[in-house]
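Here chain A shows up in two complexes: once beside chain B, once beside chain C.
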Partner chain A sequence: MANTALPAAKADARTTGQRLVNQWLANIHSAPERGQPVAYIFVMGNAVEILRTFDFELVFPEINSLQTGVRKAAPDFLAKAEDYGFSPDVCSYVKADVGLMLSNMEHPSGTHIPKPDIAIASSLCNVYIKWAEIWERHFGVPAFVLDIPGKRFANWQPLPGTPQYGADKRWVEGQLCDLIERCEHITGKKFDPDRLAEVESNVNEMIRLWVEILKLNQQRPAPYNSMLDGLTYIGVLNAWRGTPEGVEYMRLLHDEVAGKVARGEGRVQEERFRLIFSGTPCYVNMRRMVDLFESHGGVFAASDYLTYAAGGLDSSGLFYDPSRPLESLAEVTTLASQLGLSNHFFSHQTLAQQVKEYAADGIVYHGIKSCRTVATSMADNREYVTSRYGLPTLYIESDLIDPRYWSDAQIKNRVDAFFEVLEQRTLKGGR
Partner chain B sequence: MVYVAGIDVGSTQAKAVVLNDQAQIVGEAILDVEMNMGTAAQQVFDLVVANAGLTADAIAFTVATGYGRYRVTFGDLQVTEISCHARGATAEFPRTRTVLDIGGQDTKAIRIGDAGEVMDFAMNDKCAAGTGRFLGAASFALELPLSDLGPLAMKATAPVKITTTCTVFAESEIIGHLAKGHRPEDVLAGMHYAIATRCASLVRRVGLTPEITFTGGVSRNAAMVSLLQQVLGTPLNVSAQGHFMGAIGAALYALDHARSGSRQPHVEEVAP
Partner chain C sequence: MAITASEIETSLTGILARCHELSLRQHIGEDEADKVIGYFPVYFPEEIVHAAGLRPHALYGGGNRVEVRYADARIGSFVCSICRSTTELGLNGSLNGLGGFFAQPICDAAKHMAGIWGRNFPQQDPQILALPQNVNSAASVRYVYDEYQRLREILAQKIGHAITDDALRASLRVYNENRRLQRALYALKREDPARLSTVEAYLLIRAGTRFRREEHNELLRNALELLAARHIRPMDKPRVVFLGGFCEQPPLEMIETIEDVCFVVDDDLLIGQRWITEDVPEDGDPVWALAESYIQRSAASPVQFDARKRKEDVLMTMMREARAEAAIISAAKFCEPGLDDQLALSRWLDQEKIPYLVLEFEEKMTSFEQMAMQVETFAESLLFV
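Moving on to the complex of A and B:
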């Protein structure tokens, strides 16, 4: 080694991701003094592409809330909201955010979250709309509700070419035009379609790489755990969607994951069972939860959560056509909601498909009482996969960020029993 | 002669059995868990070995189950109650396809495959509604020993409709009904019915496939057995050893291990 020059230190995905997250938070913090407008948006059904063309700093209140969980600071914020009068059964993301408002928007990451200049909710979770109403009252900023039609029946999709699709798309496009007008008014800038096209090209590249990254986890052993590593990836994807930095991160990440696959490196040392995680994560104890599974050699190769959290953009080859940016934004927004996000209601077939693609041995459902949007369909879904495919499933329950709902002994007991089922099936050769 | 032990350390009681190499029970013991699960495990083990007329070094293999299984520091292997109840139930009733175990803190319905393996299971959600704890609350409120509850409930003539299955609210609801002049047996019958419907829903969740074997401490309660049969519309197998079923299953796993070491359900050697 002595006479070979050391290669220049190569940026790796992890440090780049960390740096980008820090920079994003710093940008939010300093937005008011830099005169940058601030937008509050959700991960499902937002219009990031338009906001980027007007240089809004993006605040994701869901991410603020989950971060209180990751940083083990959630109880204080939840308590403030409950003291104020919120029921313990209300979505804990909402409560943590209310707690943050009652704490003068001082986030435990050290970021002061500025008030929004615009707040966008979508119809993809009805709690979003109520949540945005809380912002309206608290910050005095009118919310903009994007009404995106989802799937209306199982096995029925208003796909391109159908009259229904045309109507849905026009409905969304009209709202996007209203939004543009609102943004022009707030920022005093004129809408620039070329800028939108540029943002869309960046998103296309990010999503192309993201879909590749998801596919790489179909390899055995899986190079990463969807519910630990995957959660970090998705955070950067959201915060930097549509930017050159985001593209660069995705490229680094893709190369890193592909390298692991080429070297046969798995997330767990001895991968024994490949699992799918369905539902929203337990951010307050996610590492512990993943440990409980990995200690048995079980890795989460895939999760429908990654689709929700990517705004449904990873579903079946959705790309923008930057040559007609606005129309294409309306099309993709409509389809992403129908193909990806309506899965809250009709997720069984998508999950069954993932079981095949990822060669899964079982599905783990994580039910959260306070997130009815996602938890409501779980019973049906579970019934479908067990009766149709005889696949072992496990249902466990806790919360997004509220540690009071985590009962370690109970969860461990269920997880251990689930692996006993998987082991017995393996011994029987029924896998 | 080879002897093995199965120890089931639950939230309220520790149970143990010793089997000989013919899988016959040669000793059993039961103790209340007071403060410390680890101490209770050791005591129940000492007791079962003495009851079997043996000494500890005669036990070739010990399997621990129940919530306290990792506290059994002298155990050779830990297996969850789900696998153990399934194993115990199918050993006594080989045509068992569904097991219902009502425990102190968890109620479980287990679907069994043709080879006696666990196919699926469902457990009560986080709260203790529909578990043995609910009867514990009744025994406390009525100041009656647990073993008297079933026989008394059987005497009911006008069962009261109990609206809560919340263990915390149960006590105040019972007191409320008594204050209104309802007889204790009618209130108790209502409570049994509330638990039975809750448990029946768990059984349906894994698919109500006969034969159904009812295990756990509550299987000794005749009122519960008859109500469950009524609600599920099918007879239940109930073992005279129902409350030892977890320990028996654990001991059967221990016996497999002592014989060949080949049939481990899931191996995590010794407590972490």
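Moving on to the complex of A and C:
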């Protein structure tokens, strides 16, 4: 279906991305007065495609919380939630969102976040479910829990055609049907499979371009920093997934990145080390974090973050078949979960693979106090990767948006020591 | 000739001492090597393991008896103690004899246990049994059924032959009997808490995780008979319910501390052992019956979403049925689901003007003086209500 919409004369990815983010926030703000229903969803396992067919405006509370960090407003929001009674040991995204609820949903971006008409929590992070229970209590909106079974073990092969794959797909499809019913009830509209097919075609095109963009960073020098620049990319990718605007943005981005590669322009002036980043960034110290590595000529060529925070759709060969839209949505949702989104638990092999594909010199693990989904067994993963594959690795710990857990001197010491190891290896010709 | 009060107490003490010894046992003996299937909380369909002629072995962590030497270097500093100590028991060799390891998607930390096991003990064929977080769909039972059939197949491969429906039905019967006995134990504790303390009930139930259910049934039957005949002195203590023991287990000393001044008339300790709340139908397809029971005849916990069981309602029903006047709402340190519910429930109890006490624990705690003071003050305040 149609996938060009914007009159994109002379537009560049950066300004287009910024404009789209602003427009998305404005749309959220004005949804109630336009009578548009609002859905609260998460970045992993969200069934956006179905919500789009019912014209829901999409609110990503994770992104709202992240933005409190980027906009330096997180401490206030976190303090409100902790004063209310939330433990310091609870995910800081949840607490920032509670802080927002206690601030009448006035977000520091200037957006008034409307209450949800539907709230969907997938099982890909169990905190999502607890978070949705908080919304149930606060907004009185029942949660819809979408259980998407992940990988059962590291070498799990969810092969289409096998009974096991059939069972998981049937389960996901059953729940998607329940979701459609609930959306019909809320919006009073009938489900339109053709509209779903149209959305899926747009997603397909976005994913095709996204996979190429990720691949372009295999070039030396790497044209972008997968942690810093990647954040902007996936913000737009999530908010505009399945729309002509999203397709247009990905196309601009792709051309821009490809242009850099053609011109031999790297993200860092003199690229000395290529690294894989595992985990989620510390958004309150994003610049600092990037500088700590780039000042040594280190660039993050790839990050598993760009898989799970982008819906896992980069996993190879995952495209919708719009000729059978609902079944195909169930298939891709199941596969994306099993190939990409449930990988944190068993990511040692994928990381080692990425090291090869991106000709990387080492892996940086960022353990996040808030996020047990990503970080519980990172240290064990690191131990395995180091001893099994002999790869240089670094483990640092802080938080997503809680600045109290960033210990600058300690992190800097570790990063410096890591680069010393990398330098030594280079001298010995070991890379 | 009638058995005397002191003979009853001696017999009970003997049974409980054996239970205590069993519940502390972490090491898998040589004789059981590879015949034991370990699982991490909360619930596991033990009947399928039992029908395979293997022994299910619930992994409830190392309590306050395990010195953590290796696991700290493998697990984030912000993760609960049961994950840490279980990893330690793996790394220090105590669990070498396991012939299988399963974790369930109860929380994000628990899912990582399958990854840790996979990297360190691949020979145990570790994996996730993906019990669903959505139990409210018309498709839920079928999905659980399919996942149970997968488990059945894995175990059949281990033992080298199929697990028959008849074997499964026989196991359902053994476990139904076990459930009836456990329910009787809890009914007794609710009705007559002076006759059976929570620590005693706890030890009796926990012992079941360390030997065959047939033997456990025998043990529970004996204990129930003795308890019925037990001579008790009337005592006056406030009746409370205790929540927070669904996964990581509070130290026994903590429960004792509470029981010094309160009757704990109901609780969620070891709730996975009591997850199915009624008999599982013994006719029809046994795997279907078990799957259906998971969805339709089951308890509640902070790590299971169920639109039919609002956490506040579950607590209120529990308190009403146990005629409790107050609640102790605890949570394990770093346990996100437990901590979230702790807050929600305490806010609710505030609103309902029901007295409650909030406690945080870690399985590795060894000092209880401060907690004793808190609990005492709480119990006193109840007396003056």
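Heads up, the rule we're going with is that the second predicted complex is superposed on the first by the 422 of 431 C-alpha atoms of A that agree within 3 Å, B and C clash if a C-alpha of one lies under 4 Å from a C-alpha of the other, contacts with A are read in each partner's own complex, and residues count from 1 in each chain.
What we mean here is this: a contact is a pair of C-beta atoms (placed from the backbone, for glycine too) under 8 Å apart; a residue touches a chain by one contact, two chains touch by 3 or more.
Quick caveat: nothing in here was measured; it's all calculated off a predicted structure.
Once the complexes are laid over each other on chain A, chain B and chain C both fit without any clash. In the superposed model, A:A409 makes contact with chain B only, not with chain C. When the two structures are aligned on the shared chain, A:F42 is found in touch with neither chain B nor chain C.
Contacts of A:E420 after superposition: chain B is touched, whereas chain C is not reached. Contact with both chain B and chain C is seen for A:E397 once the two complexes are overlaid on the shared chain. Residue contacts after overlaying the shared chain place A:F273 against neither chain B nor chain C. More residues of chain A are in touch with C than with the other of chain B and chain C.
In the overlay built on the shared chain, the residue A:Y320 is in contact with neither chain B nor chain C. By the document's definition of touching, neither partner reaches A:W240: not chain B, not chain C.
The least CA distance from chain B to chain C in the superposed model is 6 Å. Residues 367, 397 of chain A touch chain B in one complex and chain C in the other. By the touch criterion given at the top, residues 84-87, 89-91, 94, 121, 123, 125-127, 129-130, 133-134, 137, 142-143, 145-147, 149-154, 164, 167-168, 170-171, 173-175, 178, 342, 344-348, 367, 369-373, 375-381, 383-384, 397 of chain A touch chain C in their complex. On chain B, the positions that touch chain A within their shared complex are 67, 78-83, 106, 113, 115, 117-123, 125-126, 263-266.
Listing the residues of chain A that touch chain B in their complex gives 296, 367, 386, 392-393, 395, 397, 405, 407, 409-410, 413-414, 416-417, 419-421, 423-425, 427-428.
The touching residues of chain C, when paired with chain A in their complex, are 73-79, 83, 87, 105-109, 111-116, 118-120, 125-130, 132-134, 136-139, 142-143, 146-147, 150, 302-303, 305, 307, 311, 331, 333-337, 339-344, 346-347.
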